[in-house]
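Once you scroll down, you'll see the structures, which are given as structure tokens.
What follows is chain A paired twice: with chain B in the first complex and chain C in the second.
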Partner chain A sequence: MSEQTIALIGNPNVGKTVVFNALTGSKAHVANWPGVTVEKKTGKMDNITVVDLPGTYSLTATAIDDLIARNYILEDSPQLVIDILDATNLERNLYLGLLLKEINVSVIFVLNMMDIVRKKKIQIDLKKLEKYLKSPVISTAAINDEGISDLKKLIKQELKSSSLKDDRVLYDEEIESRITQIKDILTKYDQFQKDDNLRWISIKILEKDEKVFEKIREIPDGEKIIGDIEKLVKKEDRILLASARYSYISEIIKNCYKSPRNHFSVSGFLDQFFLDKYLGIPIFLVILWAMFEFTFQVATPFMSLIELIQEKLGVLIINLLGESLLSSFLVDGLINGFGSIIIFLPNIFLMFLVLSFLEDSGYLSRAAFVMDRFMYKLGLHGRSFVSLILGFGCNIPAIMSARSIESEKDRLVTIMINQNISCSARLPVYILIAGVVWRENAGGIVFSLYLLGIIVGISMALILQKFVLKSERSLFLLELGDYRFPTVKYTVIHMWERGREFLKKAGKIILVTVIILWFLQVFPLGSSPNESYLYTFGKFIQPIFSPLHFGVIAVIGIIFGFIAKEVVISAFALMLGVSESLPSLGPTIFMEFGSSPVIAYSFLVFILLYTPCVAALGTIYQETGSKKWTIFSVLYGLGLAYFMAFLVQLIGGVYF
Partner chain B sequence: MKENYPQIMKLIAVLNLFFICLIIALEVLSLWIKIPFLSGETLDPIGLSEITGSWPDFLIRLFIMVLSLIIYISALTNLKLNPSKAYSFIIGGGFLLLGIGGLSILIYGCQILDLLIQMNFEGWNWYSGFHLEMMLFFINLPVLRIWKKKYIIFEKV
Partner chain C sequence: MILLSELKIGEIGIIKKVDSDLHRLLEMGLIPGSEIKLIRKAPVGDPFEFEIKNYSLSLRKEECQKIEVEIRE
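Showing the complex of A and B:
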């Protein structure tokens, strides 16, 4: 028996990935936030392969993620398609359902979010809906695993009855007759005679779908076929087809869906404040500030605890092994070098916890909406801001999320400015330096750096769009789902998923880099710290940074930070030969900056803005497919960081 | 019990208003110390700077408090004319202050925990601006219970 495959499809933010996780037992990332899934994911349900496709509103491919979904259904021909619908918003979700019925594929309709439906006292007649859609309909609340076992049974049952039923939804006579005429023309040609999707192709021809026309042009006689069928296509067909679908949906809603009038909506109530014209942006900034306060303050006792353990461990090793090369490797290399990064784990996990909470609650999509109003005034695409917010966690998924932007130029701008957004890897550097220089004001300083990242990002987008990548303004469509109180399970899972990535990176790339750094610092053996390979290398590069007053050690940190930003701290710890961790490392670093808060801040600005890490650069290359843009992002990052750090010193020098 | 909700909400609004005004007054007073050219000196005998924190903290706190002030004044003026709107404001403002107060309690608790781990109590300021915000958390706790009964309240008025 050949392997069976099912595909999950649906509008963005209807809970496809939650259903996918429930069916397959996976832990793929989910959020109350449209556009989380930008590429297809696969998992296993018993022996059945389950594919989770990116969210899409229609099968008319415009953005890359929509195209992934459409191409998969048409070209990979899964045995069964599961259309996940947001049951609280059936009217809009059914449009995609009707489009699926135009393709030669078996469909199961899953009405998800039934828990919210019950809360809102909405009534849905599933039996009637099944009759209208001519396909099985089942209800679930996947977030609570409700209805999942019934869905599994239904999937297996539908896969057994392998033959396709003739259950298409029909349009009015005039449109149906022209669909038939186009089908008749196409069947005259060999290439189309065995095509199972002739009806779909004919409808797409009426809609003047560019991708379908391109495909026809590619085959011999393509131009002739187009000449024949174009006579049958009318200018208003696209509108006629859409209105035919919508009138069918209206009929379904009228007969199957009852929503109580004047129902008090929590989301509507909260949005009065969060989406307010004047309050929206200040509230977003307050939430951002609260996030950093929380991250900083709550992490402090945990950091002290890790620090205490490291200190005791260092003493224990020295007592056991005495002063030797091995003890130097263990204490200076691993405990102080590598440990100086591990100490920031609480901060990173706590920031991910808050980000997951904001994402799952539905607030982050509101933040993007609020910022869109402001960005649109500047001539920027609001979707870019969604990508920027994701960059707070890690720039790599944020760069990938730009796939959902339709315009190629807008997508490039978003990728380019993403490196200006402060990812979690830079946080340890800020915390260490800000903590020692600005003490109780450290939270505010870190907040200012994050804000600066956003401001610089937006400004650079504006410059790139005005002078380098001029593009037409396109509309920003973002669905604002209801607020949901995040479940502890999913919030913790999300925090762990992201934190695990940090741990993996720490265990591989960072550990290896720290060992190399230690080697370069210790050798040649017996030399003083100022004669080591590392110092000699830093001394060679340092003159470039002389105008910024960065010393040799800061320069070494910057260079190794190119591999992973966290390594900047390890470089400081190793070079300064500080045996205890944070308490003495911070002040020693501050002395490296000539005890000048202005130089310290300009160093932080440089760390914020300079070239992203190697992994992020790899993603930029993968997403743009261009060496030119990848090199540009390196040079642009370095140039911008140098300029801004210089500016900080220039302005700071006047006032402080 | 539910018949008492309007009175409880009114009491919550009045108490909130009192504490918000107190915090704003302290914030404004601390400006005198924060900006040396206004006072001509940087002395801070009663430790106001400690209470109001750094500049970003000060500005954000002031924004939240002024926003809350507007919310509660609007709530109290609407209480007779448009009770539904007034209750929305009291509950919405309540959640905001629960968040701010909760964050303060968490931060204060973590600072004490940190001191315990380090066993270092020297220079610890037992009194801080957090206390006033902590009060806001306790005052607004009944909002959670009222919120559970929101349908009764909003459908009644």
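Showing the complex of A and C:
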């Protein structure tokens, strides 16, 4: 038997992910759709491949998620499409269902959330629904695994007898005659005679679908065909079609769906507080603060534990093997490398624990609603706000969280400017240097760095959108669904998936970088710190930094900073031969900057603005799936850091 | 007829005119004849939350200014 493929589709938040996991046993392969930052998940249900399409409301040519979904169905021809619907919100959900019925493909409709349907005492006549939709309809409460085994059976059965019967859904006469008109014109041309999606193409032509027009232009006779059909298309046809579909849906709802009126809505009640004119923003800020507190309070002991284990393991190995090249490789290369990866896990896990809780409960869309106005000015979406704020903790989960942002442009901008948000790992460097140089004013200096990061981030958001990502402002469409109580199981699954992806993709990059740096630092064998390849390399590139008055040691600090920003301090300690715990380290570093506060400050600005760490870089690569954007982020970070550090020295009067 | 952005909180409008360029909004149910109720505005006055087709949808003022409604008495 040949390879069989089915695709899952549905509006956002209908429980598609839960159904996917239930069908495939959550052993998903995660990648990106070619050329875009939209996640593509595939899994296996026995020997059937299951593809998870992006959550969409419609199949227009203007939204990237819509396009991915429809291109997949049209071009990769899955044998079966499973449309998941939120049965508590059937009216809007059925719209996508009808769009699918316009395509020549077998569909199964899955009414999910049946547990809530029962709780709300909604009655749905599945048999009648099947008649209207002319496709099998089945109900599930995926969260409790209810109906999943029946769904599996139905899928296998449909795959066996996937003969397309007369299963078209027809709209009212007026619109049908328009569709037929277009179809009649198309069938005059050879190219379309064998096309089994003529109905779909005709409908899209009436809707003036850009991509379909583009396709027609490409074929010979294309211009002529367009000339013929364009006369038949009216401006209001889009409205006519949307209305025709919704009026068919109204008829379905009238006959198959009974919902008791005026029941008390918990969500409505909660939103009176969460979205209140005066309380909305304070509540959001408190939740945000609680999230940080929770993450860092809980993460800190774990991180100390990881450091402790790393240290003890190092001592153990040195005791066992003695000081040798091998033990140095094991301790400073391998263990340090793995340590640099694992140290991020507490942050990632905990932040995503809270984030998936907020997301699944429905609060995160409220946060986007409350904060959208502020992001709108930057050309971004309310969703970007949370993602950017998380960067103050750690840029890595922050960058990963950008995935929930709908528009590709917004997502890329949010990922790119995240590195300008000063994460907590940079703070120790600020504190050490600022503490020595400005003493009691150090607080103000540190604050100015945070502020600078925000200002630069905002400017970059505007600049990127003006020159690099020039697409239109994305349409803000936000559904505020009912609040739900998140289940422990899926909160933990989400958290685990994020951690695992980080380990798999970003982990490799970190490990390799740490080992390379170890090599450069240790070789040639037996050399002292300022004879190593690293020192030679630092000396080699130092002239680039001469205009900034950074010496070799500062440059080496910057190189080490790629591993993680707090490592900059250790690098100074190592190179200057001062123990990290000694209070004289700070003053010695300050002397490296010629005891000039301006140069010291410009160094801190440099630390603030260049690549946060290889882990962040690995995450950018993992999320964008693009080498181009990853390299861009390094260059943009370095370039900006250099420029701003220079500017600081210029304004600070170093050159006069 | 007024703009959708001029609806007051709690008022229900019947959509009269939507620009066909707003295709995605049409497909979300904002078609002529649909009832739409303004539930609330965000704390800073934008975006707006509406009830339409039995679900809750928020839109920015910018888009609301492209849609005309008639207040349902």
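Heads up, the rule we're going with is that the second predicted complex is superposed on the first by the 332 of 656 C-alpha atoms of A that agree within 3 Å, B and C clash if a C-alpha of one lies under 4 Å from a C-alpha of the other, contacts with A are read in each partner's own complex, and residues count from 1 in each chain.
The rule we apply is simple: a contact is a pair of C-beta atoms (placed from the backbone, for glycine too) under 8 Å apart; a residue touches a chain by one contact, two chains touch by 3 or more.
Small disclaimer: the values here were computed from a predicted structure and weren't measured.
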item: First, second, both or neither for A:277, with chain B first and chain C second; value: second
item: Per-residue contact with chain A, leading partner among chain C and chain B; value: C
item: Contacts of A:467 with chain B and chain C, given as first, second, both or neither; value: neither
item: Residues of chain A at both interfaces, chain B in one complex, chain C in the other; value: none
item: Contacting residues of chain A [partner chain C, same complex]; value: 57-58, 60, 62-63, 89, 91-92, 95, 207, 235-239, 242-243, 246, 259, 271, 275-278, 280-281, 369-370, 372-374, 376, 382, 475-481
item: List of chain C residues in touch with chain A within their complex; value: 18, 20, 23-29, 31-34, 40-47, 49, 53-60, 63
item: Interface residues, chain B side, partner chain A - complex; value: 53-57, 60, 63-64, 67, 88, 92, 99-100, 103, 106-107, 110-111, 113-114, 116-118, 150-151, 154-155
item: Partner chain B, residues of chain A touching it in the complex; value: 264, 269-270, 272-273, 279, 282, 285-286, 289-290, 293-294, 297-298, 300-301, 304-305, 308, 438, 440-441, 443-444, 447-448
